[in-house]
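What follows is a set of structures to go through.
Each of the next two complexes has chain A plus one other chain: chain B in the first, chain C in the second.
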Partner chain A sequence: MEEKIIDKSEIGPLLSKLKESYQVIAPVRRDGDISFERIDSADEVVLEFSNTKKVPKSVFFPQEEVMFVYSRSESGTEIKEPPLEQAASLLFGVRPCDARSFSLLDMVFDSEDYKDIYYIRRREGAKVIGLACTSPRQTCFCTTVGGGPFNHDGMDLLLVDLGGKYLAEPVTDYGEELTEDFPAAADADKQKRDQMRENAEKCMKPIVADLDDLKNKLDTGFESDFWDELHTKCIGCATCTYLCPTCHCFDIYEEEEDNNSGYRLRLWDSCSLPLFTLHTSGHNPRPSTKERVRQRIMHKFNYFVTNFNEFGCVGCGRCVQNCPVNLDIRDVISKIAVSS
Partner chain B sequence: MEDQLRDIAVKLFKDGSVDLIIGYEAGTLPLRAAPCVIKSAEEADRLVWNMNCGSNLATYLLPVAEANPEKKLGILAKGCDSRSIVGLIKERQIERERIFVIGVSCSGILDRRKLDNALNGAEILEAQFNGDKLTLKCENVETRHAVSVHVADYIHSSCSTCQHKTPVLHDILIGEPDVEADVNVYEHVEALESQSADERWEYFVSEMSKCIRCYACRGACPFCYCNECFVDQNQPQWFGKTNELSDTMIFHLVRAFHVAGRCVNCGACARACPMGVDLMSLTKKIEKDMNELYGYIAGMDIEELAPFTTFEEDDPQEFIVEPD
Partner chain C sequence: MANPYLPVPMTIGNIITETDARDIKTFELSFRDESDVDRFDYVCGQFAEIGIFGAGECPIGIASSPMDKGTVQFTVKRAGRVTRSLHSCEEGMEIHIRGPYGNGFPMEDMEGSNVVVIGGGFAFTTLRSLTKFILHTENRDRFGDLTVIYGARSPGDLIYKYDLSEWANRDDIDLFVTVDKGDETWTGREGFVPTVTEEVAPSSENAYTIVCGPPVMIRFTIPILTELGFKPDRIINSLEMRMKCGIGKCGRCNIGDKFVCKDGPVFTYEQLMNMPQEY
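This part shows the complex of A and B:
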């Protein structure tokens, strides 16, 4: 598809136009951090940022979601799914790691085996306009886990910031349609983009030399000694999972409003937390941080690979930046990879 | 001080005083130190001590003790860690005889969030302490630059109001005893107290709204050692677990009350919070109340009885409301 040039001054009008058909979700500044929010005006959008603290997956998989409401009367019990009264989402300015997380979440929530109606109804018709990572952070490692700072995965269109303008790389028909009125990119622009991509990729050293080997080590390493030490500093909080673009576990709760009505909701859950695998009997097969850290690593770097042939990690580095005790997932996987 | 710490660690392993030491090691990012457990003299070189050692190591005492039965535990403790250890001994969670406290005199922990805010999102690539200055090599999406800041401007609020920087309990002390700072410890709390209830409500609403229910505050706290936290009790489910304000507010309030008279205001919860929720306004207010109502400061003396485990005839009772 033809690559185009969009002057930065055109972004505002473009967003305003998109707002007519979509609920546009873009990075804005909130409480000192940048986060993806539904925008009221193009002026709020901040496109000079490394990445957001909170993840855009919540657009499709919110931290809390009411599954159904029930009410009981003499004529019987009525169960209703709350309608989703919103236009389809358009996410603007999503980094390639986060856009890729949507593809991974699709594998989990929208497969032949399982269709998650709550996820699918938010995801259906959604569009994603990505923003290439020209200066990855020191915590970024997307290239280790199959991504890249200029990757298209999960996007309709990728924008590359060339200074005063963006080079737009359409990925889908929608992306092409959106950019059809813009001028074509010149060879010099494309060369500049290629150089930027090369530089960005070069910033990120591979964390693990052989990923297949990591998967194989984990295949046989469930009872390995390395788990005995890796978890020691973990304080068992859910920072890594709640700020993770690919973690997708949830728990289901009931809330009663009165004797005759209430609702069921699902909330994000985390394998780091004590309730996660607690059985009704009181037995917990993952009683300490050792088993919980192991579960998180196994899920991302082994089970997910078995199920979907991809790593369940996009290398965004949020868990590395935000872990309160600096339990660095890069360190964990590289230690496992070199273990004997 | 770091060399001294490592020498002491080697000696303690060699003379059999400890089987392991809970300390800090260098982090994987600038301005980070990570808690660690070392198990031999050969590992002593891993230990570090600096202004990034913000976790409260007392938090690790109980899980490490449980995972290493019969072992003698060494633990590095700054002032607040030592007061937490005193609390844990008082609450009979650990025996005094089982631990060897390597006290370290602390000059305060760096407030990384404050620094990040001042740098406006620029990423810190390298950091170097030079006396009272901190030199940072930073990069943001547009520029790469060096910045020099005064360390004193970025000391965590738990430390700038700390009156007990020298460990109250130690078997060996590294560094000189610190002189207590002549500051109004409760300046911030008094400012909040002077506000109207509505203003305070608005403030706490805006803070608690940031909470993502990750429980990092609980995980970082040496006194959140309950086998089953109230918020995890689900038969029945007493507390809602959503991010709705009423749920987050009740979690933080109950937690703050639960550590009343035990919390030493180490600030580890606030530093652990990924969202920067101001938890210390709550904990500091409770510390002030405990001091004013009971003349009690937590974690100072193993023998002293805790106010909530004793009853005196002249205990204040003004808060007891007569039923209508």
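This part shows the complex of A and C:
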């Protein structure tokens, strides 16, 4: 598909046009941070940012979501699903790691056997316009897990910031349609893009040389000694899982409004927390941080690979950057990969 | 697109208090909406999420036989918030269920074979479903010999006494009921399930065995079954795990790459030997 040039002054009008048919979600400054929010006007959008602290997956999988409302009467209980009264979402300015996480979440929630309609109804018809990472953070490691700072996975269109303008790489028909009125990129623009991509990739040298090796080590490593060491720093705060773009675990919970009505909802939950697997009998199959850290690593780098043929990690580095005890998942996987 | 998280309404029918301690009850539920009867088409060994609005949901194995159309039975021990709430329910009240979930027992594979059922304590519920299914007139000829070994701590802890006395009078089932320790009225067998299994010594020839019970019972029974010649792929277990969604999304009931809710709860001993020991 033909690569185009979009001048930065055109972004505002483009967003305003998109707002006519979509609920546009883009990075904005909110509560001292930058986060993905539904925008009211194009002026709010901030495209000079490394990445958001919170993940855009919440657009499709909110941290808290009402599943249905129930109300009892003489004739029985009425159950009502809350209608989703919103236009399809268009996410603007999503980093390649986060865009890729949508493809991974699709595998979980939109699987052949059971369809998670709460996720699917928000995801259906959604569009994703990505923003290439020209200067990755020190904590980024997408290239280690099969991604890249200029990758297209999960996007309709990728924008590359060339300075005063964006080079736009359409990925889907929608991306092509969106850019059809813009001028074609010149060879010099493409060369500049290639150079930027090379630089970005170079500063993120993969930290595990052989990914198959990592998976294989874990295949036989459930009882390995390395788990005894790796978990000791972890305080079980679950920050890593709440900031993770691919974590999909949730709890189902109920709130009563009065004796005859209430609602059932779901909330993000975390394998780092002891209650996650606690049986009513008091038995807990994952009784300490050792088993819980192991579960998190195994899920992302072994179980997910077995079930979906992809790593359950996109290398965004949020867990590295925000861990209060500096437990670095990159160290963990590299230690495992080189273990004997 | 059907929403797998939406429960269906049920009416509580007959409630049987199973144990002397009154902590285990069997609830017979019927569908309030006729169209749900066919949608809830289950096999032995599957489970459902039982929900009581205001209290929550919990996964419970189905205790009735799929041959008993129109009603579904669950035998529930009073243990946590939902089960306490259920135990205080009365006949005629409305509750909700989702399901059926899980793989269930490999009933078709077992056709033509002898079946040895070994159960301990309160884990006998889905085994009762299986036993009733095999004993049904339409099914009995399709299976070989049926041996059932069932034990509880004391006579007062035995569940389904009404079924046990009926089965004891049939000649197409070999039933061995045992208690760890009898009381002054008990005239039956005494001894732990593994010991009784050793005494009964069911033949492994052309046979499957299904073993459900407390972990300690399973640990001591499996070596005996192995000694009797049962191969790991013919020893069938059913597992319990904390669950929420029941459909492999919420992420907590996995053992390795398998979800107990949808890949299980029924696993062969051969499968379990190749899975992490994390349950």
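Details
The working rule: the second predicted complex is superposed on the first by the 340 of 340 C-alpha atoms of A that agree within 3 Å, B and C clash if a C-alpha of one lies under 4 Å from a C-alpha of the other, contacts with A are read in each partner's own complex, and residues count from 1 in each chain.
The working rule: contacts are C-beta pairs under 8 Å (C-beta built on N, C-alpha and C of every residue); 3 or more make two chains touch, one makes a residue touch a chain.
Just so it is clear, the structure is predicted and the values come from calculations on it, not from any experiment.
After superposition onto chain A, the partners chain B and chain C occupy separate space and fit alongside each other. An angle of 90 degrees, to the nearest 10, separates chain B from chain C at the C-alpha centre of chain A in the overlay. By the touch criterion defined above, A:Q138 lies against chain B but remains apart from chain C after alignment on the C-alpha atoms of chain A. After overlaying the two complexes on the shared chain, residue contacts for A:E48 are found with chain B alone; chain C is out of touch.
Using the contact criterion defined above for the overlaid structures, shared-chain residue A:D328 touches chain B, although it does not reach chain C. Applying the stated contact rule after C-alpha superposition, one finds that A:Y253 touches each of chain B and chain C.
Touch criterion met: A:T239 reaches chain B, while chain C stays clear of it. Applying the stated contact rule after C-alpha superposition, one finds that A:Y166 touches neither chain B nor chain C. By the touch criterion stated above, A:I117 is placed in contact with chain C alone, chain B being left untouched. When both complexes are overlaid on chain A, the residue A:S281 reaches chain C alone and has no touch with chain B. Shared-chain residue A:F150: touches no atom of chain B or chain C.
After superposing the two complexes on chain A, the closest approach between C-alpha atoms of chain B and chain C comes to 5 Å. Once the two complexes are overlaid on chain A, the chain A residues touched by chain B in the first and by chain C in the second are 253. Within the complex formed with chain A, the residues of chain C that make contact are 1-7, 9, 32, 53-58, 79-80, 83, 94, 96, 240-242, 244-245, 247-257, 262, 276, 278-279. Those residues of chain A that touch chain C in the shared complex are 67-68, 70, 72, 76-77, 79, 81, 108-109, 111, 113-118, 120, 222-223, 248-254, 256, 262, 264, 266, 269, 271, 276-281, 285-286, 291, 295, 298-299, 302-303, 306-307.
Touching chain A in their complex are the following residues of chain B: 27-29, 32-37, 55, 59-60, 63-64, 67, 117, 121, 123, 125, 139-142, 210, 212-216, 218-220, 228-229, 232, 234, 237, 240-244, 271-276. Across the complex, chain B is touched by residues 31-34, 48-50, 53-54, 63-64, 134-135, 137-139, 232-233, 235-239, 241-243, 253, 255, 265, 267, 270, 273-275, 288-289, 320-322, 324-328, 330-331 of chain A.
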